Amino acid sequence: MSAPPLLKVENLSLRFTGKTGSLHALSDVSFHVEKGEILSFVGESGCGKSVTAMSILRLLPRSGVSYPTGRILFDGADLRTASERQMQRIRGGRIGMIFQDPMTSFTPVHTVGMQIAETVAQHRGVSHGQALKRARQMLDLVRIPDAARRLGAYPHELSGGMRQRVMIAMALACDPELLIADEPTTALDVTVQAEILALIDDLRRELGMSVILITHDLGVVAQVADRVMVMYAGRIVEEGCIEDVLARPSHGYTAGLLTALPLPGPHNHRTRLAEIPGAVPRLDREIDACVYAERCAFAEARCRSGLPSLAPAGASHRAACVRADAVAAAMAGNDIVRAWA
Amino acid sequence: MSEIHVALEGVGKTYHVGGGGMFAKARPLYAVDDVNLTVMRGETLGLVGESGCGKSTLSRLIMHLERPSTGRIAFEGTDLNAVPANALHAARQKFQMVFQDPYASLNARMTARRILAEALINYRVGSRAAIAARVEEIAAVCGLQPYHLDKYPHELSGGQCQRIGLARAIALEPTLIVADEPVSALDVSIQAQIINLILDLQRQMGLTLIFVSHDLSVVAHIADRVAVMYLGRIIELAPVFDLFAGGAHPYTQMLLAAAPRPVPSARRRGQAVAAGELPSPLDPPSGCHFRPRCPFARERCTRERPALRPYRDGHTVACHFAEDIAAERT
Amino acid sequence: MSEIAVAPRPLLVDLLALALRFLRAHREVSVMLALIALMALVGILAPLLAPDPAAINPANRLKPPSAEHWLGTDHLGRDVYARLVFGTRTSMSVGFSVAAATTLIGVVIGLYAGFARRGGAIVMRINDAMMSIPAVLLAIALASLMSQGLTAVIVAITIPEIPRMVRVVRALVLGVRQQPYIAAAVSIGTRGVPLVMRHVIPNTLGPVLVQATYACASAIIASAVLAFLGVGTSPDVPSWGGMMADARRQFRLHPDLMLYPGLALSALVLIVNILGDRLSDAMDPRKARRGIL
């Protein structure tokens, strides 16, 4: 791990400004992605995980969006100040992306082969024939049976799982160094989800690329991620190696997410689940206290008086919680935590 | 627990798709195919399966929102598809439904108060004042504040909308609730709130609950018995712990293996767990529908449709070779 | 918290409250509606705003604008300004009557087509057949079959407009019927007319209103075409189409006689069309905030 990280985001803050006021969508988000690793963003809707990904790709509209602070260093170059032309080369070229709904990424009027080939031709400047050959290879790579015939299929003719594979094929066609996958399996059935996750995991091994996997499902995270970044209300609340975070959850919110999950076993059956009371805070102003304090089972007076910074909570593990030790101690009896310890 | 609440006998629902045009011939789609099922009073039956397996159609049939093409559904002993419309209308009070999408299941043009009052007005339960009081009462039971009642659905959060959906379902004091993916659209922390609410309501009112979900961990938590569906058929029906200890049907086993769980043993890096695509429901394979994806399939599976047969105590399975497979696994 | 709030309020009260909320949120729509109201006011107050539009004065033919005749006179010496102002009445009453009649009849037939399986198919085939005839042609044929008069014109234009509305309403009804809130309403025992009035109609209203504005705009043009061709309305009734027909003969020497009614017609149609456009934007759930109309 002595090599510089592929992606390094530093102190990124993002504000949406509209007629009715502004929204602090991201506050001081810093993280990095190593070469060849899967980093997972987890959190509930509105926590900023998708917005972070969109910021990296610069896919947010220009009007109404401002970045008071922060740099996004991709292979050393700041994407925030890159020109739109540079970004066009990077998007779909060096950074591939897949989304929850594959239909939105395809044109319904062209065959999938054409669409993959076009991406390749655009980024590589190769002939149409070569691009089509590449498309065929890609469909093989994502284990689509009978790839030659599928090249001529239209998006609507494919099943959901198949479409998601084709989208992965398209995202990988230009050998990206980083793949950003935003809830890639949320709309899929569990058996298809398992296949797609295994596929993403295999491919990053074969191709040596890095992956940012955005999900709300801790099960998905535990299955494939190397590192996990828990987000809440536009901030990173806990971050670290998956083994460390799940063996020693050190933030009240991570603890809340874990205890809210239904667990198997007769002693858990039909018991009341631990609820997280209240709702996500409004982000229309700067919060200079722990963003989770109002809902936290571990909160003390000092949680409401100052902003906790991300502090080491283990070997490769940081948490923004002044009660980290108390949380970890209280969670030691949790079934999931015990399984990881 | 011993009294039969709903009994399904050979229930099937066939849709005809692709027709309608002048030249295309409609093809039959067996959304639900020969389902036999009894639900006991007070129990929680989980219904799991992947998209297109017929679990939603089955819940609509039980709710009498659609008529079965074959078979009969006896609700508290009466086949409500064979009675006059007014008798069905009267019986509807007894069974209610909770839907997946908290917003789409509420009419966006009505306030929460009107949504909740509608059921009570339909069945004229008491005076206007009595209805108004009852609306506030059921809202409170479902954890809603009085000021929520004067809001439109889009002014409320997903969790609050689902609480309204639940309040509407219990307004007429039903005996059966069919919950079709009631927590799938919600965030984890809200999911816990709604599951708790469902458990509380069920205990207080002694409800029978049919809980439909693709999320196995939720079903494992809440259900007493679980039915697994595949391409319109129930392929396994078992007490919850028997099923989640590793089902008898290869499809159940595949589902359980594929479900993401936040435990280290679930980390199966690089190895594919599930095989094959779901076949088209318009052209299902002969014999056992699961045959093309089944690692244990033999010649008999092509020829003969496996019936749902007793496997162990209270545990039925539709697989010719369940015992052999179990022996092979150990 | 009173009982009034719980009782099913009449649809109208509900709609009014909804409309008010909607207007506050969408300024462009309100501006267009205000402009239309202004033109309607001109039409209503025509006798106060202008002299007699039918007064013939052969000695004063084809005069340029003056203090007495603000926009000059036509080939019979009639005041052009007065005819323009009174013409507003014809255009607007035809436009809005057609829009109202089309909506009313179209919604009823469309609801039937959306709910009845077999009957619906028959209605749609008849609908398709009617839509294959050009609307203006059909209107001309119908108008020439009937006696002269405004009502005849309105009927003649309404009939070809109905199939379009039926098609829109049926598609909407088919969509709404699939919505979970309909299944929910059926589950709690709502059926028949209350189901349609409470759940179906309010949720189809947006696109229907938009279609109504398009019907209105095309009816205004169609009425001008009929008047221009001299079908339906008597030449004595001032109308913009009629004015343009009269101006045809003097077009070389007095193009302004064509210009005024032409401009008025374009302006009104434009306003109505913009209204329809903005309405459809405002009511598009993907563009507007969820839930408002």
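Each chain gets a letter, A, B and C, in the order it is written, and its residues are counted from 1.
Quick note on the criterion: a residue touches a chain if its C-beta (ideal position, glycine included) is under 8 Å from a C-beta of that chain, and two chains touch if they have at least 3 such contacts.
What you see is a predicted model; the values in this text were computed from it and never measured.
Chemist: Which chain pair racks up the highest number of C-beta contacts?
Modeler: A-B
Chemist: With chain centres defined as mean CA positions, report which chain is farthest from chain A.
Modeler: Centroid comparison gives C as the farthest chain from chain A.
Chemist: Centroid from C-alpha atoms only, then distance chain A to chain B, rounded to Å. What do you get?
Modeler: The mean C-alpha positions of chain A and chain B differ by 31 Å.
Chemist: Report the inter-centroid distance (CA atoms only) between chain A and chain C in whole Å.
Modeler: 51
Chemist: Take the average of all CA coordinates in chain B, do the same for chain C, and state the distance between these two points in whole angstrom.
Modeler: Computed from C-alpha means, the inter-chain centre distance equals 48 Å.
Chemist: Given the complex with chain B, which residues does chain C contribute to the contact?
Modeler: Within the complex, chain C touches chain B at residues 1-3, 5-9, 14, 18, 179-181, 183-191, 194, 198-199, 202-203, 289-292.
Chemist: Spell out the residues on chain A that touch chain B in their complex, using ranges where they run on.
Modeler: Residues 44-45, 159-162, 189-195, 197-199, 201-202, 205, 216-224, 243, 246, 256-258, 260-264, 266, 268-270, 272-276, 279, 336, 339-340.
Chemist: State the interface residues of chain B toward chain C in the complex, per the touch definition above.
Modeler: So the residues of chain B touching chain C come out as 60, 63, 65, 89, 92-93, 95-97, 99-101, 103-111, 113-114, 117-119, 121-123, 128-129, 131-132, 135-136, 146, 150, 152-155, 165, 168-169, 171-172.
Chemist: Taking the touch rule as given, give the residues of chain B at its contact with chain A in the complex, in rising order.
Modeler: For this pair, the touching residues of chain B are 44, 50-51, 157, 187-189, 191-193, 195-196, 199-200, 214, 216-218, 220-222, 240-241, 244, 254-255, 257-274, 277-278.
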